[in-house]
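Right after this note come the structures.
Each of the next two complexes has chain A plus one more chain, namely chain B in the first and chain C in the second.
This part shows the complex of A and B:
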């Protein structure tokens, strides 16, 4: 018996671009306050510069707030021949690859990484996984963010 | 020997523990007096042919075996001794596969399939047996599961008593400190996946809680 999972598979391999987004000192400070980060390199430009950085540094998970600026398409998921119901966020994984600092201009590129079903106590769920790569103004990859969403079968 | 028969590393989509973190934690448990010989990595819906943990296993003196946990139409199933013919025959990602076909295919191809957490509400084998499904090829189930909620291991215990099933134990760990909370005590010495299948076929094993994994223990998986 097949899994009967149907979605727009043509989306695989397509990159969805967004940006550039300028990273500001106030954004970094607000994010740091939000996650209770107290290391001065994340809160104070002078402290960051005294430790060799060019400007105030963004905490490693900073890109989790930038990732939603990429407009992602509906994958038109159907499970068992029927459209799925409402979904929910199922988590993020962040791979920090280089420091992000105030003044950087980031671009984002997202692609559909995986769509798969799994079963649990509450029935069948389908996981939709998007992966977004962030680059700075020099073209350097600064972070990869993998984000999952659950839909009910 | 004592083996944790059910664990998930970062290779599974829902685990945050690396294999090395598990092996380090086992050193802590050993210092506390527990006897732990090995673990079986049962990653979700796949088998990791490309992963080689032999160096880590040697470094930490822990047997590290590979298996799978598959989603099926009638609950999750642990598969030990996975072979290439089995993965050619069965689509490990198919969550709608018939458990009975998996059980048969596993034996046909030199592996052994064991229904996981059969007492789990909503998804355990108990639910489907109560609905009238028949599973003639089941001989062993996971009687102790470290991820069970209150009442679920008790249902697995009752199922074993009712059907005469044998039971194994596994932590179902997804986090480092959860590894080995349940184990299986084997009479045989096991170093390979093939020897694990032989040990299951010998039926000389019993499920135990971590606190009973000692050199002096005689107790058997009492529900706590």
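This part shows the complex of A and C:
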């Protein structure tokens, strides 16, 4: 039988909005340096324009640096009646929908996607998954980002 | 230019050999607006979190994994990257990123390539693992 998890279920279905966050050329260049990106469309505006883009393009996982600017509530998870501490970052997923470029203004809309337990060699853990949809200034969805966190009792 | 017809099940992508430096992680944290010092940049704070030393942010590792795929298939080809952080990634240690094609198919009018991707260490540590979906053009 599945464990009945004790957390704030009223959070399901609520969207947490944040932004707009302006994407700048220097942010994209610093992100690209961090991952040692060499493709010129991610590092040089002129090269990106020569390939038909309006401006320097953000590498595909760029939105991951914007996710934690969204303030998300604690889900008040309790394990055996006791509150749990901070979570460990377990995983991340990025689905790219459209290019993100310098000059874009992105808004973020986040919701609690899933909360589920898993039992392994080291005991039971609970996975908490948040999903954030990023849209640009034209209202176009540019990326969906999922972040999962693990909590232990 | 890589075309869908050039790709076969079992094809290996990479490896990409790299490493993360203190300076690189610090700059990444700054653009990420993650307040420093933190467990990614500072020895003492890392030790308080039971880590042997400062680690590479998960999303920085993920960005390096994406780079392997876009270097191979081209910018804007990567549609989905889904990773699991298995072990902390240390600074200044050799990192290897490699992927294997696990499926090729046509779906909703798109040419889809699926692969497994893994970031490993010199001693065989399995740091980050995941799956990716790439869309490729057909040969003209």
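As a working rule, the second predicted complex is superposed on the first by the 149 of 153 C-alpha atoms of A that agree within 3 Å, B and C clash if a C-alpha of one lies under 4 Å from a C-alpha of the other, contacts with A are read in each partner's own complex, and residues count from 1 in each chain.
Heads up, the rule we're going with is that a contact is a pair of C-beta atoms (placed from the backbone, for glycine too) under 8 Å apart; a residue touches a chain by one contact, two chains touch by 3 or more.
No experiment lies behind these values; they were computed from the predicted model shown.
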item	value
Chain B versus chain C as contact partner of A:122, first or second or both or neither	first
Partner chain in contact with A:96 - chain B first, chain C second, else both or neither	second
Which of chain B and chain C A:27 touches, first, second, both or neither	second
First, second, both or neither for A:140, with chain B first and chain C second	neither
Partner with the higher number of touched chain A residues, chain C or chain B	C
Chain B versus chain C as contact partner of A:4, first or second or both or neither	first
Partner chain(s) touched by A:57 [first = chain B, second = chain C, both, neither]	second
Chain A residues contacted in one complex by chain B, in the other by chain C	none
Chain A to chain C touching residues, read off their complex	27, 30-31, 33-39, 41-42, 57, 59-62, 64-65, 68-69, 89-96, 99, 146
Residues of chain C touching chain A in the complex	18, 24-25, 27-28, 30-34, 58-60, 62-64, 66-67, 70-71, 75-76, 78-85, 130
Residue ranges of chain A touching chain B (in the complex, touch as defined)	1-4, 116-124, 127, 148
In the complex, chain B residues that touch chain A	13, 44-45, 71, 73, 75-76, 93-98, 120-123
